[in-house]
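Both of the next two complexes hold subunit A, though its partner changes from subunit B to subunit C.
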Partner chain A sequence: MSKKEYEKPVIIRVESGFSKAGVPLPKQRVRKSIGGVSINELVNKYGSPLFVFEEKSIRERYKRAYEAFSTRYPNVEFGWSYKTNYLKAICAVFHQEGAIAEVVSEFEYQKARELGIEGKDIIYNGPYKPYDSLMRAVKEGAKIHIDTFEEINDLERIAKELKKEVPVAIRLNMDTGVYPQWSRFGFNIESGQAMDAVKRIEAGGVLRLNGLHAHIGTFMLDPHAYYVETSKMVQFMNSVETKSGFSIEYIDVGGGFASKNRLKGIYQPPEIVVPSIDDYAEAITSAIYENIHGNRYPKLYLETGRHLIDEAGYLVTSVVASKTLPDSRRSYIVDAGVNLLYTYFWYKFNIELTEEKSGISEPSVINGPLCMNIDVIEDSILLPRLKRGDMLVISPVGAYNVTQWMQFIRYRPRVLMVMEDGSVEIIRESEDLSDIERREKLPKKLEIR
Partner chain B sequence: MKIVSAKKELKRYLNSTLSAYAEVLFIQNRAIGAVILAVTFVDLGIGLGALIGIVSALAFAAFVRMDPQFLESGFYIYNPLLVGMSVGFLFKISLLTIFLAIVASILAFLITIVMNSLLSSYGVPILSLPFATVSSVLYLASLNYSNLFYESLNNHAFLTVGEMCLPLWISSFFKSMGTIFFLPSVWVGAIFFSLLLLHSRIAAVLALGGYYFGVWIHSLLSGSYVNSLLNPYAFNYILVAAALGGIFLVPGIRSYLLSALGVAVSVVLVDATAIFWTLYKIPVFTLPFNLSVITFLFVLRLLKYREFAYVIKRTPENTLSYYLLSLFRFKSHESAVFLPFSGKWSVYQGFDDVWTHQGRWRYAYDFVIRDENGSSYAFDGSRLEDYYAYKKPVLSPVSGYVVETLSSLPDNPIGEVDNINNWGNYVIIYSTAGFYVEVSHLSQNSLKVKKGDFVEAGQIIGLCGNSGYSPEPHIHIQVQEGPHLGSKTMPFNFVAYTQKEEIKFYDRPEKGESISSFSSDKSLDSRLSFVLDSVYEFEVFKDMAKIDSFSLEVKMDRFSGRFFFEDERGNRLFFAKEYGVFYFYDYVGDDESYLKRIFMAVPRIALSGSRRVVWRDFLTPRIVHSGLKRALYMFLASFCYKPFLYGGVWEKEGNLIRGEIRGDKIFKSETVIDEVNGFASIRLDEILIRRKK
Partner chain C sequence: MRLENLAINKNGFAFDPTTGETFTLNETAIKIVELMVKGESEKSIAQKLSEEFEVSSQEAFNDVLDFKERLKLYGLIS
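For the complex of A and B:
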């Protein structure tokens, strides 16, 4: 038996409040496995840190969301929001489930095409679509959602060049009673700008308006905002169909449904504040039914991203060192930092151990491995004493992190997917030097030796 | 302008004249009418008499400003035609007899209209009853007109020329054929029979069979075979057999048996009337035929007999084809409704089911939502909110008027049922197709419609609930006879639904099966909208070489408001679009038209936006084949349709529809829907029809 390490004694101020009886033993949150596969085994085999996605959970969440809408509205389709997570394997799962692609740049467009998605199954959004990519999208029959008057000009030029009528949709923005109002995208309904855009398109004579799109915000906690949004869109559709010769074939209400993540600054747990997918579906579909004339229902598109993927992603990280800070908090340095966790700006993550630990929980800080003062994953958490090699599981991290992560100071780690049958696949290899230096060029003069 | 319209009207009058001649033999073909017209001039008196009959009826119609469109079919004037002939048959042509013919045929025309407006409300034809009546009246009256008699009684001896060179049993048949037009000549009869044979094998065989069957029965009763053959009124058997066996009933074994019965009845009627009528020196004419056929049809129509030819086509073969297509493609004998929900639901109870779908209420469906494990609820299922179906939108299954609603009953908690108000909250809608549909167990105060509202199929009417006798939230739907709650139910089908990847049309799911609602894609829907008067040009290729070109025009039928494509030669392909399905349902025209190929290549298109869907459909030899093969197969199909009901499978992926039709060989088709409007191309085996833009 090795000798116990000496450590200078400190007095820990235990913040109670958990129990009036006084014993500050908060329940340890423990996750031993993901999708039935032991996390310890994953780390032993694939190293640390690791992003882990669970296929079964993705599919279940998609089906649940699809059912919530399809049992309320007869004509609904999801567009997988690429920017939320555009790892091929992730996109492929959604496409297999029946989602089309929703992209916001030529890069994402190329990615979807590369994956085998046909142009007609791509929704092309975004405030800037380079001319060449618009040309390609038109040729391939993508659903193009116009954001600006300049884009109308570009598309008309393309239509004339290709000598064909181009179906297009416009993005709308409106007041839905939420703050901030995302008015920088698309055309505003209340000011009459949106109807101007419709008239402008009709006057051009080469584009055919067949869809309406809007996206009112992100992590929307109020389903009523969608009710207002959808109502205004359907009313706008009605007036477009009356005032112009266009027939609106689809409306795309965008995304922004919240996931069960705890926002910083919101006190209640997500189980209480985050509406269920049924609440969102109810708001959107009843708004259609209440505002539509007759029974010619436009197709309803949803660009749900975060809600579908966030909770299926985990980041497994290991303690590499620990120390006691001057204020007596315990500081742990782990091998994954904020370079991998873009969403730490908003979220207070769920941090779990991979096994029960004995001992009292003490106030701790979790710091990433970057040589930067801001690399703090969690600055106030009660943890039992951990040692090097102990693992923490951070979740939900499925949305936005593997797209907005940075190669900064460290390489980006492996990404795994635990498949439905319990097997494990690497869906993105960890980086090495060649990945980073491949694009670099060293002028002859600067070569060392 | 005036000259053009006068020409157009003259053409209509000419058309009705020719149609009227053919109509006597139940033929709808103006060319055949023209041949018959020519043949009637074998006897100048009869030929002229017929023409005088028609012209006077038409002139009278014009005088009273009757719309010439009504006359075009020949239906209103074949009775005046026959009356004119009967005058020409009895008397020589003179000013007096012409006058008589005019008066008599106008009387026949008037009686036609009177009888038709009386009988048409029963859906029964008047046949040549006006003729039989008026001619009898005329012959009776002429007994007094001695002036006419002695000078101008017509002599028809020459008609019997050459009949000796055929055996009696053959010559008598042809003679009877001729007698239908007052020309009891073997040769004239032979021509008429050939025309009938050319027009329809079924009708010709019925004429032959009916005649000999009638003669056989008559000879059994009377004891003399020769006398039976010589009976001048034996032509009635021919008309009865053709009318019942192939014209007013759909050709088939049952109809053939009925027509044999009808012939037997007419034998008795012929002999009975002959005795009575002869007393007054009146020929029996077509009275036995009319009495027997009208009586049969009256009763069958009252009984809503399934094989009653509600739609009579140009030939019995075409009537049969139309009937088979309606029956198997659209289940036309039962009503059809849309699914009352959106998304994927599961059948909880079907027709004749174990719990409540019994007795008067056995034709009903109950639906719930089930998850992958087959459970209809999440958690422990103790609360209404746990049930997936609870508060889901309920959509109108038909377009029609709301006749009754109730929405005040509470949703029972799980474990309790309300067995006083069994139906719970409900909506009863009177469909524009003429039946009532009831949807019940709706959620309290969830109704979006009220009594008197017009709803369109697919519109929301309320939310699924647990009111009434309902163990768990579900949707109950039934089609019923009356507008009242608890009215007797009737069997029905669902217009379209999806089961896995297959779209089923006019079908019923089994208990426990999961089905999804079917909804049309607005884009496809508008691309397959055809605006009246638009013209589509096509080029036809065979083995990459252009062989032909043609154009289609979108038109609307003047009477029925039905839409069709018409090519340059006047062939018509009827189409419709409803409930998210585009389909062709009728073709009128010649064998060689490309329109027929289009019908065959894509009889129906599900306007589904899904990536890939599959559906089944049926065709008949009438659509698939041409020439002798079509004639033979359709004739055989009247005895047993099964081998001639050609099934096919169609698969749609995006704009491309691939079809495979199992006829006497496998036909393959490939149709591409245009990006903007209409069809881009249609390929059927080696023929490619491509749109020219």
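For the complex of A and C:
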């Protein structure tokens, strides 16, 4: 006689109220494939855990965002925000779609150049740009966005050394009604500091101001803040052109558009609270039209990162063990921890099974494999009883995680891209000991053998 | 042991007459409770589960221990 299918034992105390614990969930969140490729097959072939990106989704999101702006304004270009995800393959998809590079450090600048992006197609932002990197950026014709008065001095020195006029932009900050105000970057409009910077640049006589930049925050849920930002930037542009000899060729309104992720502490789902790309585009372009003087339209740059990549990335992780906690919740230990999920600190992720499971749902906690109590991917979720090897898919995780992840006690996993044609490419190999120890040196007298 | 007094119907709905609390159990859990009430050891329960279901006796043993942990937290056994 064949044996019956086994379901792990479950007992749930029935609480009063509307708890769904103790009954089979009427609808389980299940994702069986990514980009048309079975997740089971991906894990069988490439192991677990895995980051998986979907090429088609990235391209579609880019096209949709570009269309939202280019149908409203004649002169638009996107700069791919490297810090959001600087894996080569990810950057290359955006560059193929037409985005230039937006970098915030000499390291990111090197990455963009290494990938084949010309200096003229790099926006160089950030509060600290080492002198050598500024020199290289000037020589290669990058768009340099000045953040401090010291940087004006550095660039003047470079311009004199190279005996050439250097076109530059300045970063602005301002009150857009959103708090905390990102006032540590660039020059403040309201205090007059920004106009002082313009005067300072003009007085130096070797730099030519041709652009204005700002970036008002991250995961901005209010398009009106962009309306205020852009209005103030265009009004400032008008003042600069009136009060100085400079002609502004472009304004860069930065990024910060939200993705369809759920912020912790926000009860409503992202489908309700997150504005569409059209909402952002409408706010920004209408602010330009309402404030511009004459018929000359400066080029508009956008540096949106999260909105374009977050939802194209997934983390597949597998259950390795489970136990009952003293508060009677079930703890699942999975093979991916919060060191891989920097955005865990503010997001409540979608967590999906890879197949429907029968059985009673239990209040559960998802813990990672780190030897730390804070390694909690989800502290309150109803799950049917899972066994070792069952998989969970965590999303959206495409933004910031593969740049801010931390190597801690375990190797960082493989990153895959499911291509448009359904093939699968490894875009970053999993680490091994040699990656971690390559830069270490052991003094001779400390050698063990 | 409150577990002995638990009234369980075939759908896994259980009533504890001592406290008035109600519980939901799946088929495996019902089986374990029945065997525990008969006084069977954890190892023997695991063995019986592995004979009836597609599960190794080692995995079943762990599950029985984990299940007993839950029963303790609910005050059904001491």
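The rule is simple: the second predicted complex is superposed on the first by the 425 of 449 C-alpha atoms of A that agree within 3 Å, B and C clash if a C-alpha of one lies under 4 Å from a C-alpha of the other, contacts with A are read in each partner's own complex, and residues count from 1 in each chain.
By definition in this document, a residue touches a chain if its C-beta (ideal position, glycine included) is under 8 Å from a C-beta of that chain, and two chains touch if they have at least 3 such contacts.
Because the structure is a prediction, the values reported are computed rather than measured.
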item: Winner by number of subunit A residues touched, once subunit B and subunit C are compared; value: B
item: Which of subunit B and subunit C A:E7 touches, first, second, both or neither; value: second
item: Partner chain in contact with A:K163 - subunit B first, subunit C second, else both or neither; value: neither
item: Partner chain in contact with A:Y297 - subunit B first, subunit C second, else both or neither; value: first
item: Partner chain in contact with A:K445 - subunit B first, subunit C second, else both or neither; value: neither
item: Which superposed partner A:S247 touches (first subunit B, second subunit C, both, neither); value: first
item: Contacts of A:K264 with subunit B and subunit C, given as first, second, both or neither; value: neither
item: Footprint overlap on subunit A, comparing subunit B with subunit C; value: none
item: Residue ranges of subunit A touching subunit B (in the complex, touch as defined); value: 63, 67, 69-75, 77, 98, 118, 120, 141, 165, 210, 247-250, 282, 285, 289, 294-299
item: Sites on subunit C touched by subunit A in the complex; value: 12, 14, 21-29, 31-32, 49, 51-55, 60, 63-64, 66-67, 69-71, 73-74
item: Residue ranges of subunit A in contact with subunit C within the complex; value: 3-14, 22-23, 322-324, 326-328, 359-360, 385
item: Subunit B residues within the subunit A interface of the complex; value: 341-345, 369, 372, 388, 391-393, 395-396, 448, 456-460, 516-523, 525-526, 609, 611, 654, 675-676
